[in-house]
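Order as written gives the chain letters A, B, C, D, E and F; numbering starts at 1 within each chain.
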C-alpha cells in the first residue's frame, strides 16, 4: 500500500447550508469524513502517499465515499465491503455565540461491527513506513478495539512508526473506560497527539503546564514526540490557533494564527496529517510543527472534513504570504 | 386524539436533487415520511382529523419531523421520545428506463426498538373512530409487531374501524414470515388495501382476477372492503394509475389517469388516506374510490412523501378539471 | 420612441422552483412580466424596435424590472416612476393532473393608481407605427381605463396601427363590465387577438366556428384581422398548440405543435408579439401566422414570462428544424 | 388559548440570498415574520405557551404562514381569514459599511383592513395571563388602532399583564401622530420596551440617561417595568449587544455580547419574548434580563425573523458556554 | 496501463441549470467530458479496466478533471500536464421544440497544442488489449492528428484491437478535409462506429440502407465490425433509441427504447464504451449490441457526460426490468 | 456616445460559490467583468453617462454580457462583434489565511485579436468628455496595444480628458515590457491611478513616500492628478481601505475604512469610476477622493465585478451613515 496507513470509521457527513439550523434546512450538504480518513487525505493532498483502511457497506453511499478518496489519491484497496450501514453525522455550523452542533448516528455501522480477524494487517502494512490511528476507533465497539490491537501489534512488529491522536469523545465512552482500553495500546506509539485535559483524564498524566504534561506522557508511555494543538475559541466564527511539539527535552511553539472560520471540523486532523507528512518528508521538528499548524489554520477555511490544500499553499502561509490578496 | 389514528415508523427522507444519482449529488433534499404518517397527513390535508403515533429520538432531526406534522395539523401528542436514532431512507429518483432506487437505513431505529408496553392504547385511541396500520410496522422488529397487536386489540375492543395496508417489503422480511405474523392480525380488519401478488404470497389467497382475489380475502379474513391500486408503469416518468374497491358482492372501478410523475413515493398512502377520509366523511364506496384515486394521482405531482393537496383540488380533478390550465 | 409601443402593468413574478407548491418552497424564483411587456420583449428579441410604457414605484424592485427591460432592448424612456408598490404575482407551476396556480397581488399598484392625464401620448407615440394594448389594463382601475382611452385616441389620430389582445381575466372583472368598457375601445383596432369564448361573453359575438366568430367580430367592430391561438391542453406538462388568422374572407391555419411545457405563462404574448413583428416586417399573413405560432410554441420551453428566443430560432422551427438534436 | 397572547400583522418576508442586492438576486428566500408573531414564536420555542392573533387572506401564502406557526407550537386558532393580501417585506441584508435595506409592501393588507369589532377578545384572552402588543399595530390603520384599544381594554378588565414594545417605524407614521394614538393606550401597560429616542419623540419623556428616561416613563405612564435593548452597531456584520431593565428604583444591566451577525431582524423581538417568558416562568428581574439579552444575542445568528433557539441553549449562553466549540 | 486505452481532449463542461438559457442562468453546472474520456469512464463504470491519455494544463480545473477520472477508476497516469488552457464547452439543454445548443471554446487548448512526439505510446499501450479513438481528435489540430497517427501505428504494431468512432463535427472541419485525414487512419481499425451520413460524406461510402453502407465500409476499409446507433428524435425531451451491429455477412438489430431525456450528451459514447466492454468481456456480438444500446439508453437519464451506471443496471434493463418501479 | 468612454476586454467571470475551492464546486456563479467595463458601470450606476468599447464574439455568452451592460445603462453601441471567444476568468474566493485565486483564460480572445484599425475612434468619442483606459489592454496583444494608441491619440486630438489605471498584471507581461509600451502612452494622460510599486517597476519613478512618487510621476509624465488606493490586507475577509489624491503641490488623504469583504474584485475600478464621476460632476478634488474611496469601500460588499451602488448610498457613507442599521 502506501507510506502512511490510517484506519478508522468513515462517515457520511450531512451539513446544513448557510448557517441554517437543522430545523430550517431544506437540504443537507453531502460529504464524507472521519478523523483517520481526514489524516490520510491531508497527506495525499500534500503530495504524500497514504492509504486508508476501513469497512463500508456495499451501497451507493459507500461507493461514493470511496470514489472521493480514490480521486484524492488515497489508496483504498484495503477497504472491506460488508455490513449494513455507513455511519452518519449531521453537522449544524454555529455562528457567533451559538456553538456548532453535531448529531452522531454511527451505531451499528459497518465498521463498528467489523470482524477484527478479517483484516490481514501484514499485507495491509506491507511496504508502509507509518501507521496512524486515533482514540475514536477502539471506542466504537469491542471489535474495533480488537482490530486496533491487531494493527498496532503488526506495525510494531514490522518496525513502522506509529502515531496516535487521542480524539477523546465523551459521547462514545467515559474517560475511565477509555483509559483502560487505550493505555495498553500506548506501547510502541512514537508520536502522540493529545490535549492536556485528555492526558489527565484518560492517560492519567497531569501537570501544571503543557510542558509538564508532555514530559509526563513521554515518561509514562515512552512517546518520542508529543504534539498539542492550541485553540483559543473566540466565537463560532473566529479563533486563535497554534501548536506545540515536544521531543525529549526540547520543544517548539508555533506562530499563532487569527483564524476566521469557514468550517473547523477536521482542523486537528489536518494538523496531524501535515505533521506526519512533514516528519516523514524530512522536515525538522520545528519546521514540521510550523507546517502542520499552517495546514490546520488553512483547514478552517475549507468546506468539509478534508483539507483540500496543497503543499505549496501551506508553505506559502508558513513563508508569510497572507490571505489578504487575490493571487493574479 | 383524532378521528383517525395511524402508527408506524417515521423516517428522515434524503433525496438527490434534479435526477442526480447518489454518486453525483452535492446535497440531499431533506424531508420526512413513512407509510402511516403519510396516511395521517393525507387525511389532515383533506380537512380530516388525524393523529400519528410513533417513537422518535430526542434530537433536532426528530423535533423537526414533529414540527412539520404539527404544522400540517396532525396530532402528535401521542408520540414518544427516546431511543438512539431516526430511521433514514435515501431516495434516488429514476428517469425513463432507469428505476428509482431506495437505500433504507432503518435498523435499530427508535421505533424498531420500541417498548410495546409503553404505549397506552386505551388513552391514545380515546375518542377515535378509525385505526390505520400497515404491514411495514410488524416487519420492523418483534417489539413493533407486539405493539401492533396491542393497538389492534384495543381498537377492536373499542369498536373502531380498522384499516390495513399490506405494503409488503421484501427487504424487511420474507413472505412466509410476513404471513405468519400478519394473518392473526387480520381479524377485525375492516378495510384491507392489498395487491394481488401480496394477497397470494403473504395471505395465501390466490385467484384469476382482482375480483377473485378480493372475494377470497373477504372470505378468508372477513374484510368488509378490499381496495387495490392499479399501476401500469411505463417508465420512471410516466404511468397509468387507477384503483378498484370491493365490498361484498359489489365492486367499483375508478377512471384511469395518465400520470406524469414528479415523485411517486407515497402515492399509495395518498390513496389510502383519501379513501379513509372519503368513507369516514360519508361518501359512498364508488365516490370514495374515485376520490382516493384522484388524490393518489395528484400525489405523483407533489415533491416529498406527503400529499400536499386539498379536498377542493381532489374534487376538482374528480369533477374533470384538467391540469392543462393555469388557474387565474 | 420605438416602432411598436405597448403599455400596461408590469408585475414582479415569484415562482416556486422545481414543481414545489407554495406550501413547500424555501425560495421563490424572481422575474418580471405582464402581458404587454411580454409583447414588447418578444418584438425586441426578434430584432424589432419596441417600447413599453407603464408606471412603477421608485424602489429597487422596479429599478431591476427596468434594468431587465433595458437590457433586452425595450425602450423604457416613457416609464413613469411613482406610487407605492409594484404588483406581484405568485406562480405555482402545475404538473400532470395538477393545474398551475396563480395568486395575484396587484391591487393598489403604482400602475392601477396611475394619473391618466400624466402621460403625454403624443410624445410617447411620436415616430411609432403600432400601438398594442390588452384587455387587462382597463380592468385594473377606472384610471387605467381612462389611460387606455387616451392612448387609443392618440394612436388613431396619429394613424398608427392598433392591436388588442383580449386577455380576459375573470378575477379582475365580469364579462359584462368588460364588455361595457371594452366595446367602445374597439373602434380603430386593426388586429384583434381573441378567443371564441371571450368574443361571445365580452364582445357579444357568437358563432358555430372560429371562422363565424371571426367574421362576426370583423363585421361588428371593423377589425382588419382577427387572430386566435389554439391550445388543446393535455396536462400541465403537455399541450397541442396552434393558431389561426382571419383577414376579410381569407384565413390561414398554422401547423400544430405537440409541446412539452417548461413554462406556459406568456405563450400567448409571444404569439402576439411575433405576429406584430411579422406583419410589421413585411411577412404575409400566413407566413406571419406560422412565425407567431412557432414563437409561441418556443415560449413554452422558456423559463419566465419573457420569450427569450431570436428570429433565427423561430424561423428554424418554422423551417422544420426539430428540437431533437443538440446543435453542434 | 395560551398563556401569552400577542397580536399584530404577519408578513411574508422575502430576502435576497448570500449578500446579493435586490438588483442581482435570481431568487428570494421565503419566510414569514412580524414583531408580535416573532415574540409568540420566541416564547413557544423556549417552551412557553403562546398564541397569536391576526387576520390573513384565504390563500396559499397565508396557509403556509399558519402552518409554520402551528408547527412551532404557536396557537393560531384565533386567526381570522379574509381580506385581499398578506403584507410583504423585502429584505436585502447589508454587509460591512453597506446597510441592510427593507422595502415594505404592507399597504391594504388583510390585517390593516381588519374589522375591529370582529375579534371577540373576551374569548381570545380566556385563560391567558399576558397580552403583548407593539406600536406597529396601531400605526397600520385606524381599524388596527381600534382593534388594539379593544384588546387592551379587555386585557385590563380581565387582569392580564400587558407588555408593549414601541417599535416606532417612521415609514408608517410620524412621532407626533404616534404619540397621540399610543399615549392613551399606555394605561394598564405593565412592561414597556422602548428606546431612549422613542421615549422622547413619541411618549414625550426625556432624560439625560437611560435611567432618567425609564424613571420618567414609569412616572408618566405607571409602567411597572421598563426594558431597553442596547446595540452598538459596528458594521452590518457586527455589533455589541446588551440590555437594561428598570423596576421601581432598581435596575439591572446585562452583560455585553460581541455579536457577529447572520440576521439581525427580530433580535429585539427575541429579547422581548424571552423577557416575557422569563418573568412569567418565575425568574427574577435580573435573571430574566440576562436570559432575554442572551436570547436576543443568539437571534443574530439565526436566519429568518423567528428565533429558533431553545431554553437550554439560552441558558448555556448565560452560563458561559461560548460558541467557540462544536458540541460533540 | 489498462485493458482499454482511449485518448483525446477532455473539456470543462458548463451547463445551464433547469432548462434555462445562457442569457438567463445565474450559474453554470460544472462537469467534464469528451468523447474518448466518456468511453473510458463507461468501461470503468461497467467494471472494466480503462485508461485515458490526454494533455491538460497545470491548473486547478485540470486537477479536478483528473481527480474525477481517478475516482471513477480511470487510469490517468499517462496524462501529460502543460499548455495554457483546458477546452471548454457550454451546454444549454433544449426542451420540446427548442434544440439544445453548444458553444465550443476549445481553440488553443493544451491538447490541441500537444507535442505529438512527447507521448511514448509504446509504454502507454504496454499490456493494453484495445485502443479507442474518435474523429474529433485529428480534427483539433495538425499536432493532434499526428499524435493519432502515432497511437494507431503503435497499437497496430503491438497487435491491439482498435476502435474508431467517427463523431464528425462540422464546426471543427469540413467533410472533405476529414476524409483526407481520416481515411489513411482507417487501416487497422477493427471496430468502426459511424453513421450513414458520415460514412458517405467523410469516408465516401454510400448505400441505400444501413446494411449496404456497413458492407461498403467493411469492403473499403477492412473493418471487422461496423456499429451504428439509431436515434429517432421526437423532441428535445424524447427520442427512440437503438443500434445495429454488422460483422461480415451477419448483423444484429437491437430493441428500440422510448427514451425520456435528461441529458443526451455522451449517449453515443456510452454505447461505444459498453460495446467495447461487452466484446472484450466475451459477450457475443448480438449480446454486446443489446448491452451497448441499453447502456446508451440509460445514459440519456444521467446528468453529465459520464454514464454513471453499473453493469448490473445495464443487464437489468436488457433483462426487462423497467424504470417504472422504485426498487425497494 | 457617452460622457465617459472606456475600452478594454470584457470577460466571463466564473466564481466558486460559498468559499468552495475549484476542486469542490458543483457549479460556478456566472458574471462578467473587466477593469474598464467595471469603471463604466460604476459611472453609470452613480448616474453618470458612460460608454464601453470592446470586441466580443457573436455568441450567446457575449450577448448576455452586453444585455447586462445595456441594462446597467452603459452605452454599448460601439462594441464590435467578431472573433472566436470571450476571455474567461475563474475566481476562487479566499478566506482568512487562504488567499483568493484567479485562473485567467483570456488568450486568443476576440478582444486580444482585435483589428486596431477597425474602430473609428473619431466617431466613438464624438461628444465624449473623458476617455479612460487601463494598463491591461496594451498587455493583451500588440493589436490591443495599437488600438490603445489610436484611442489615446484621438482623445488627445479631440481635447478629452484622459485617465489611466495602471493595473499591472505580472501574468500578462513583465514590468520592463510594460514600461516600454506604456511610457509613450503617458503623454496626454491627465489622471493616473497607480501604486507605488508599479510606479517604480513600470514607470521608473521611485520615492520614499507616496507623495514623492506622485510628485515624480507628475514631473516625469505631466499628469495633472495622481490617485492611489490604500489597502492594508489583514486576511481574505478583512482589510483597511483608503486613498490619496495628488494634484500639483496639494494632496488629500481619505478616511480609512475597516472593511469586511464580500468580494474584493473590482474595488479599485469602483474607486476609479467614482473618482472620474466625482471630478466630472464638479466635486472638488478632496470631495471626489472621499466619494471615490467610499464607493470602493462599498464595492467590497457587492458580489461580482460591478459596483452596484448608487450615488445616494455612496454619499450616505461619506456623510457618516454606518452599515450597522437596517434601513426601515
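The criterion applied here is as follows: contacts are C-beta pairs under 8 Å (C-beta built on N, C-alpha and C of every residue); 3 or more make two chains touch, one makes a residue touch a chain.
If you're wondering where the values come from, they're calculated on a predicted model, not measured in any experiment.
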Self-contact between copies chain A and chain E, residue sets same or different by half:
same
Comparing the two chain pairs, does A-B have more C-beta contacts than C-E, or is it the other way round?
C-E
Between chain B and chain D, what is the separation of their C-alpha centroids in Å?
41
Return the distance between the CA-based centres of chain A and chain F, expressed in whole Å.
45
Residues of chain D whose C-beta touches two or more other chains
17-18, 21, 23, 26, 67, 101
Chain F touches which residues of chain C in the complex?
67-68, 70-73
In the complex of these two chains, what residues of chain C are touching chain B?
18-21, 23-24, 91, 94-102, 104, 169, 171, 231, 233-239, 264-265
Once bound in the complex, which stretches of chain C touch chain D?
14, 17, 21-23, 25-30, 59-61, 63-64, 67, 84-85, 88, 90, 92, 101, 103, 105, 107-108
Contact footprint of chain E on chain C as seen in their complex
17-18, 257-262, 294, 297-298, 300-304, 308-309, 313, 317, 321-328
